[in-house]
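There are two complexes below, and they share chain A, which is joined by chain B in the first and by chain C in the second.
Moving on, here comes the complex of A and B:
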């Protein structure tokens, strides 16, 4: 019997020790617990984590967060939401981190379908949640609609879906201008190619209505493949047959890779521009076997492009630590700094006091100047966060918008280059 | 537009046929519904990726090594797991599904959820009837016929083929006739897994590598073989043609509903199965009993 008890106690003790040490890194003294929530086996979650970790290390090394007269160390809790695979997992993960890990604040989130329930749970518990992944405007509109319930919600990155649409159309306009200049096309024919997901609906609807009326373009058709489609040969064949000069993309899912690969390999004579989240990642070039050249998409960062004084340094340190260039989900980095400033200004960890200070945020981060509007949404525009348009040129992700000539509101970022039409498009359409 | 639908439809059909042949073979010859089939295809694709990207091996050599490695893994899985439960068809289903999920989780642990790509064996495209078709698709389509012919020749023209068919028809009688049925089962499994690995080598450059890339093809392969008739290789080919063309028609005729192409194809399968439950070329259930 004694042996049995000892046999049970020893493994139990080992497990407890392992658990304690694996939660490890508990700094001596007081701590601010921040849950970093994201799909941790995917690049989005990894960048959520690495961005937050980089900021936490810097803040802790500089003495931590001053709450009144006391220095608190930041302790991060990695919360795997698995939200790309399962929305239910995401809801469970955030509930657990609030009730079991007892985090004080939450940063991260990626997919709207998962962020929506996570938002509700965080609001139920009155936990401040700084979103660093989902662009859906309605998530922040809720703050204006029901402030008392949703006041704990803020979006740090990316810019919301309405602003994404604006930048998206400006990128499209830039490509249309280039087609006009190079090929003499006055009324470009546009094929709308958008995955069938909720966030894409508004962009598609707006494009169908606005492109002919406001931009003088002809929409030759709308194709809506699945976000997980493994190939789009039929769509591309149909688009080519429709005589499109431009393919206006809206992709967040893996379909962005086979699309770009087939578009490049088949040399579809239509310039590709829009949103392709997969093309925002450093691994895009290899994933498409180099056929992703000339693919143009919105992004938050681009290597070597100086948006603010912090951008280059942040990008270099991120690459040094992680081995790859940051995506917008690494905006958890500035979320932590924004939070630190608000806590220090409030002098307490009390949510209501911190919210008051967060609402006053005016912080110049790595992607621009962060100010929240009345819905706690990050403000977009010249002098604030603008977003970038990037194009893959010769294996490099280059910034092509705002244009290097300063033709958009005088905004110019050091390191920006000129947009290039794919040579096969010029060959097909040049007079 | 008709020529576009024909060419694009044939391409889509070729990919499904390639994936379905091995699956059909192992069922037709050994009565094993192997739900790990597309997981082996995924494993081959990831091994090729690893050998070419991480070790810088020649793509052809990578493919050969990967096919051999996956075949060995498949045989081990058969010997250690499937062989022990093969008498119980439902257990085989559950066990092979569990194995597929285990392989998925191992790949997820090893490679993360990043989307990756494998380079084409032949890059570029040809123009057929004014339609652009990448060489990789043409290669895939050509391989379907080579594999179809090879499988037919193996089953019909060799002693091994006769033994495989005899074992499939009546395991006990085949055993009494001196055929080593366990060995034949293992060989059939090896051939089927090798076919899955070949499919991985050919199809992986067309798709995106993710740890979940086996799921959708599995659904489509099941649809193809059920539609064609479980175990009928000829039926698999015809099933693949029907589903491939249905998908293509949806994209061309209802572009805004392109995301429904898989669902429509599966609905077509459902309708055919309701009319002819044994599939187009399958043995009727009564006869089978």
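Moving on, here comes the complex of A and C:
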């Protein structure tokens, strides 16, 4: 009987305690409550949180947010969306933070399948949501399609999937130029290697059509492994047999690690360039056992690269606090500053007034100058946010695009270095 | 005329008193249903209604798993297939054909029935872990198909832009709880019918059932189809409520495993057990949000503790505490009775 009582009482007691603690009172004083939404047990959510926390501490230390003549402190609410595992959890989390935590604004979001219902819920409640994780263009296109409903939605980071594709092709062009200079290859042969996911479809389709027509390259084939594949030697062997000079990658999943390791191990005589999200992370070098050297991918930040006056300082403080270099999800840092400026300009927390000011945003943050287009999407281009091309060189993530010689629209970031072809590629193709 | 009405009311009251009020478990179910209907009068908190709507949808889903696996013993580890097939069918019909939810949900459920046939036929010869592993494969196959046709299915991003269930949280709530109670009752009646007894018998000894001249193949297929029908309704409701149908939200392994956890926690082969399991565990999971770092750990500890002390599930444990079965006529009586209410046999 005693066991039975314990069995029934313990879970009940845990629930009661949780119920009581979850119904905590409102925060004292004048506060702006901001919900930071992300998968908090994953690196993306952690960086959402730390980026926002860093900004909130700075803003609060500097006196807070001036709403009219009153100073408000920022109070962050950590919202674990668990979105990588459960979409239902993510949707529940955002509704809870709006209705129970009563947040005034939301920043974060990462996975499109979960961000979509989260966006709908935030719009239902007319809550401003600054997205800092999902690149899917359609999320912002909704603003243009139905402004009255979706006007509360803005994307701060990353640049959208169309712009990602543009940068991707520019990186490819840079590698092709290098092959021409070093090996005299006039018409490079390109192997398209993209994970079998929907977001990669447009990039693959565009590459198949545009590379021969616009870039004068030859496409030798397209390979589509799973995003969770742990073995890509079959694809790499076929690419080598096809005589490719360049492997144009599109990877967001964990396949990026075994791919880079096997590519380096097998010394496939083709330069690797494109998108490899795993290669954007600090742990990439160790994860590939150093075989990921010369892997080239798009990124938002790179250590020691000064995109704006704020970049280096932000990167150093982030590393000091968190112990690792920020990923693009740490763009919640900028999101908070953008929001602060808009609230101060509006002089109120009223969503409609803040939206008017957000639409006027012209803020130079850590990743570039943030301006929103008519769809509330962050603008990409010279003088705005550009993104970076990074290459792993001798264990370091180095910025190689925009090129250090300023050959792209005169844009040069301090700390950028020259792109290097892998020596085994030069050896294989040099005359 | 008045006397006929009075007689009818009297008969209903007598049935109500003798069949429901006489047993605490049925009274609890009745109270639970009443409270569910009255909750919107007690709170206007939309978040609470949201959790209860999702709990209702998942309760239908978990009970449908119980109908197949709990009663017939056909261990299905890929129950998300029915949920996903119906979800995607509803979403695509709504998005591309423009059908309203009240049409897409039943059509989605029919698609799930067909999926039940597709799974049921090849799996009929399999038993135990072999059947479980075979069923596990089907949602993975469907996920692969979804990735092959991203232009239609949206690939990993899912299908969005779907019409909401009704557009009003309160109406959504009453739709969800009414369907949950109604479909739960139908499933419960099925299990108590002749068909339900055959389902039971198949689980206990299929050879004996066949030896009795019953076509077990037909009944096992029927169980797959019925289970698919109810899970399909849940899937259609889910995508219209969430306004997205994606591979993670409808077809992931976690979706299948959740149904099993809810059913075992509540008590399998009962129908009301999985419903109770969902209505306990879904709110508990939400309450645990106050400790995000150890949320899933605490959830697992609660489930394990309950199953350690209540191995047959929480509803079976509670029922056995408040009621006892007559050793002679097998009718249930309130635990305080000394003699059976039907046959007057000694209950102690």
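Following the convention adopted for this analysis, the second predicted complex is superposed on the first by the 403 of 431 C-alpha atoms of A that agree within 3 Å, B and C clash if a C-alpha of one lies under 4 Å from a C-alpha of the other, contacts with A are read in each partner's own complex, and residues count from 1 in each chain.
One rule holds for everything that comes next: a contact is a pair of C-beta atoms (placed from the backbone, for glycine too) under 8 Å apart; a residue touches a chain by one contact, two chains touch by 3 or more.
Nothing here was measured: the structure is a model prediction, and the numbers come from that model.
Using the contact criterion defined above for the overlaid structures, shared-chain residue A:62 touches neither chain B nor chain C, since it reaches no partner. After overlaying the two complexes on the shared chain, residue contacts for A:196 are found with chain B and with chain C alike. When both complexes are overlaid on chain A, the residue A:113 reaches chain C alone and has no touch with chain B. In the superposed pair of complexes, A:237 makes contact with chain B only, with no contact to chain C.
Contact with neither chain B nor chain C is seen for A:205 once the two complexes are overlaid on the shared chain.
Contacts of A:187 after superposition on the shared chain: neither chain B nor chain C is touched.
In the superposition on chain A, contact of A:86 is made with chain C only, not with chain B. In the superposition on chain A, A:41 makes contact with both chain B and chain C. In the superposed pair of complexes, A:214 makes contact with neither chain B nor chain C.
Overlap of the chain B and chain C interfaces on chain A: residues 41, 85, 196. The touching residues of chain A, counted against chain C in their complex, run 3-4, 6-8, 10-11, 14-15, 18-19, 21-22, 40-41, 78, 80, 85-89, 91-93, 95-96, 98-100, 111-114, 116-117, 120, 136, 196-199, 201, 227.
Of all the residues in chain B, the ones that touch chain A in their complex are 1, 4, 7-8, 11-12, 15, 53, 108, 112-120, 123-125, 131-132, 134, 137, 205-208, 210, 212-213, 216, 247-248, 251-252, 255-259, 261-262.
Residues 45-47, 50-51, 54, 147, 150-151, 154-158, 160, 242-244, 246-249, 254, 284-293, 295, 298, 302, 305-306, 308-310 of chain C are the ones touching chain A in the complex.
By the touch criterion given at the top, residues 39, 41-43, 46, 84-85, 195-196, 221-226, 228-231, 233-235, 237-238, 240-241, 254, 257-258, 261-262, 265-268, 278, 283, 286-289 of chain A touch chain B in their complex.
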